[in-house]
Amino acid sequence: MAPNLKPSALENAFVLKALTENVRLDNRSFSQMRNLDISFSSTEYGVVDVRLGRTRVIVRISAEVTQCRSDRPYDGLFLISTEISPMAAPTFEAGRKSEEELVISRIIEKSIRQSQALDTESLCILAGEKCWLVRADVHFLDHDGGLLDAGCMAVSAALLHYRRPEISIVGTGNKREVVVHPVTEKVPVPLSVLHVPVCVTFSFFNMKLADNDDEEMDTDAPDQTAVLVDASLQEELLRHGFMAVTANTNKEICQIYKAGQLVVEIETLLSCTEAAVAVAEKVTKLIKRRLKEDEATRNVDNIFEEARAENTRLVADEEAIREMDKE
Amino acid sequence: MSRPEIYSPEGLRIDGRRWNEVRHVRCAINTHQASSDGSSIIEQGNTKVICNVVGPGEPTGGGVGGSGGNQRAKDDNRVILTVKAVVAPFSTIDRRKRSGNDNRVQEMCLTIQHIFEEAVMGHLQPRSQIEISLYVLSQDGGMLQACINAVSLALVDAGIPMYDYVCACTAGMYDKEVLLDLNRLEENDMPFLTMATLGATRKVALMQLETRVGIDRLEPMMAAAMSGCHHLRDVMDAEVRKHGKSRLARTGV
Amino acid sequence: MADGDRSDEVDAEDDDDDSEDERLFSLDPEADGDARITGVVKGKHIVTPGELVTSDATWMRGHGTYSVGNSTYSSVAGTITRVNKLLSVTPLRGRYVPEVGDHVVGRIIDVGTRSWHVDIGAKQAAVLMLGSVNLPGGVQRRKSESDELQMRVFLKEGDLLNAEVQAIFTDGAASLHTRSLSYGKLRNGYFLNIPSSLIIRSKIHTLELPGGVDLVLGVNGYLWLRKHTQQLGEQGVSITRLAEEAGWEIYSDENEYISPSIRETIARYANAIKALEFGEVGVNEPRVVAAYEASLEFKNVGEMVENDAKRRIARQVLAARS
């Protein structure tokens, strides 16, 4: 279904009517996610391909050494770029930000960057001078609903998977220089990821509109809101409201975004946040499992195993140097 | 320099409030008669917002919304809302010019648009447009809540039918204490959420949290924010009634 | 706070007895002088959006209300109006809502095919069909293709006219007509705009005021003050000859000579009406005259733009009422 087309009134009525009978068009239960598949690039670190049903997102992490920002001398830089190209769906225009794109990029930003999922302090190399700039480029390849959820998972998974090149500092005093060792020379190091945010979108449907089409609100009646997890594109186009909750396995909520549209009882929202934590646990488990499987294929002949031990020592040294710099 | 104590053991906050006290609210409606159909000004503590509403009127076509124009079809038999916000460069301590397409401001406009598309009885004004303009004059925490409250008041002033006021309030969690209606210093120091309810009901129009917080802390924050919203409804309602009475006394036939 | 008010309910059984509760709207027709004339009981009690108006299901819900189950709630801030079993809430302020028969003043915003779009300050632009205007050369003549081509000669963008609301479309937009000689293009005067809620409806909205000035008091809050001119109908022309009299001059773009004293009187009226607007005093013919008389204490018309002067005039008008 083309996302630029508005579903007809009959489709609308059909989906709503089905929901009153607790049926989704693809026969999932209300709280069931679509099939989630996460795979990593076999050649490169930090490239992840997430498929959520027919929605597909690829994220690529890259890093370079750059100048620190003067107002935050102890922090590295972390940028997430989420531009939705017409490749995902013809509704998205290249270069022009749609409302949907704005919301998606802001929520991913809040979920991952503002929740400090990546420890930016660990990206500092020389205080006030050099730091890492980590960039996450999110590419939305196919749109069948849930771009936000898939995008957020993909960034989290990619950050866990990425290995940045090892560096060492040469010289002393003002003549210190940062040398970046190519991946072929020294074993690259993982990023310091503090927690794994997973974004879950709940779609709300006002069941009162299912039977009669009049616009009246029944404030006295019990809450008649159907809550769907991981809406498909059609459901997304028809829903009356949504809430995006980002949670992690530490039972923390990183971000909540429920902006207008259908008004929902506070109790429903609260139970959604709890459901989000459960989903986050499941998704994190899957990400971790896939990471382990990927690790296993990479270290098939164990050539890096010995180097790894040495490498941890180097990391420790680097920490010490940074401590000295701070003082 | 000693940091100010966010919440003293005696239960007082930086500005001397208790945990459950909102800042002083001053509001007025019908403040800009010449330029708008409905207008309001609201001050919540040191946060100050002006709102003008023009409409419902003939759609201007292109749409001037800060949210990137109107892509919605005109055949949609509902009112078109456009929200435009200007954050004054002098509204914060460090003078800073925000560009019009600042993502945060755009997101706020979009949020407000979505809230009021639901609260306004849009089906009663087909093929017309309501333009909402917001001017943030001063920021001391709770910009979003002040904007939402200001829009509510201005829409009521414009005589646009809506189901109820939409009233918004923030609540934060300092250690294990809930604090209501945070100012800027408090906002920077603790996780907080902004909530907007439809009148004095338990129906939530907006809930936004932008900082990490344990899930067990969420419920008390939500409860506190909701009671704050209900209190603000009373304050705004009182102002509308006061204004209405004085108007009626003069216009009475 | 209004906590107490929120639970107010209107009891349908109360129809006959004089309600003692002051906060409820008065159901006694004697309580309000206008009530009997209009058949509408106006209350002094203000309701606000979301407020419960009544939980009695026997009432019919009108404008400004919505219902949830059996209860009726207000959707605007205003006063309750009751006509028989119909309950509605009249907003304190709001855009003009056109009704059939309203005499309005409007401005052409667009010339379309076979119709003009007219701004009358309502939610949507009103439509003036080519077939609903008097054209030179006969009231009832058929509109020809050449008329269609020269529509801009009759009325073009920016022109002001007064008209009557002929019909309301289903979406609320108004259709106008100017098929009477008292309607048509406006000239020889001055336009001003006040909130439509301040206009008090009456039978006649083209007022002949002392001082040789006419006022077209559009129900939509658009006003036109002009030099008094003999209207065609007033010259004793028989109805049958009206058609011939309706020549090109009704679409003339030329102002007549207006003497400085008339100009000053027009300005005085305009400022007097602005004073009424400032004080949010309802506007009708006696009030405008009263405001004009009150304004005579200011020798210089320009003085009346001061807020103090406006306040003074508004207060005097209100005092004259009681």
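As written, the chains take the letters A, B and C, and residue 1 is the first residue of each chain.
Keep this in mind: a residue touches a chain if its C-beta (ideal position, glycine included) is under 8 Å from a C-beta of that chain, and two chains touch if they have at least 3 such contacts.
The structure displayed is predicted, hence computed values, not measured ones.
*Asks:* Of all the chains shown, whose C-alpha centre falls nearest the centre of every protein C-alpha atom combined?
*Replies:* Located nearest the centre of all protein C-alpha atoms is chain B.
*Asks:* Would you mind checking which chain's C-alpha centre is most distant from the centre of subunit B?
*Replies:* Checked the centroid distances; the maximum from subunit B is C.
*Asks:* Would you kindly tell me how far, in whole Å, the mean C-alpha position of subunit B lies from that of subunit A?
*Replies:* 29
*Asks:* List the centre-to-centre spacing of subunit A and subunit C in whole Å, with centres computed as mean CA coordinates.
*Replies:* Chain centroid spacing, subunit A to subunit C, equals 57 Å.
*Asks:* Measuring centre to centre with CA averages, how many angstrom lie between subunit B and subunit C?
*Replies:* Centre separation, subunit B to subunit C: 34 Å.
*Asks:* What positions in subunit A touch 2 or more of the other chains?
*Replies:* 217, 219
*Asks:* Give me the residues of subunit C that touch two or more other chains.
*Replies:* 66
*Asks:* Quick one: which residues in subunit B touch 2 or more of the other chains?
*Replies:* Expected reply: 121, 163, 198.
*Asks:* Of all residues in subunit B, which touch subunit A in the complex?
*Replies:* It is residues 67-68, 71, 73, 103-104, 106-107, 110-118, 121, 123, 163, 193, 197-198, 201-216, 218-219, 222, 226 of subunit B that touch subunit A.
*Asks:* Considering only the defined contacts, which subunit A positions touch subunit B in the complex?
*Replies:* Residues 6, 96-99, 102-103, 105-106, 110, 114-116, 215, 217, 219, 241, 243, 247, 250-267, 269-270, 273-274, 277.
*Asks:* So in the complex, which bits of subunit B are touching subunit C?
*Replies:* These residues of subunit B touch subunit C: 30, 33, 37-38, 55-58, 77, 121, 125-128, 156-165, 198-200, 234, 237-238, 240-241, 243-245, 247-248, 250-253.
*Asks:* Per the contact definition, I'd like the list of subunit C residues that touch subunit B in the complex.
*Replies:* Checking each residue of subunit C against subunit B gives 1-3, 5, 34, 42, 44, 46, 48-50, 64, 66, 73, 75-79, 91-95, 109, 119, 123-125, 171-173, 195, 197-198, 200, 279-282, 314, 318.
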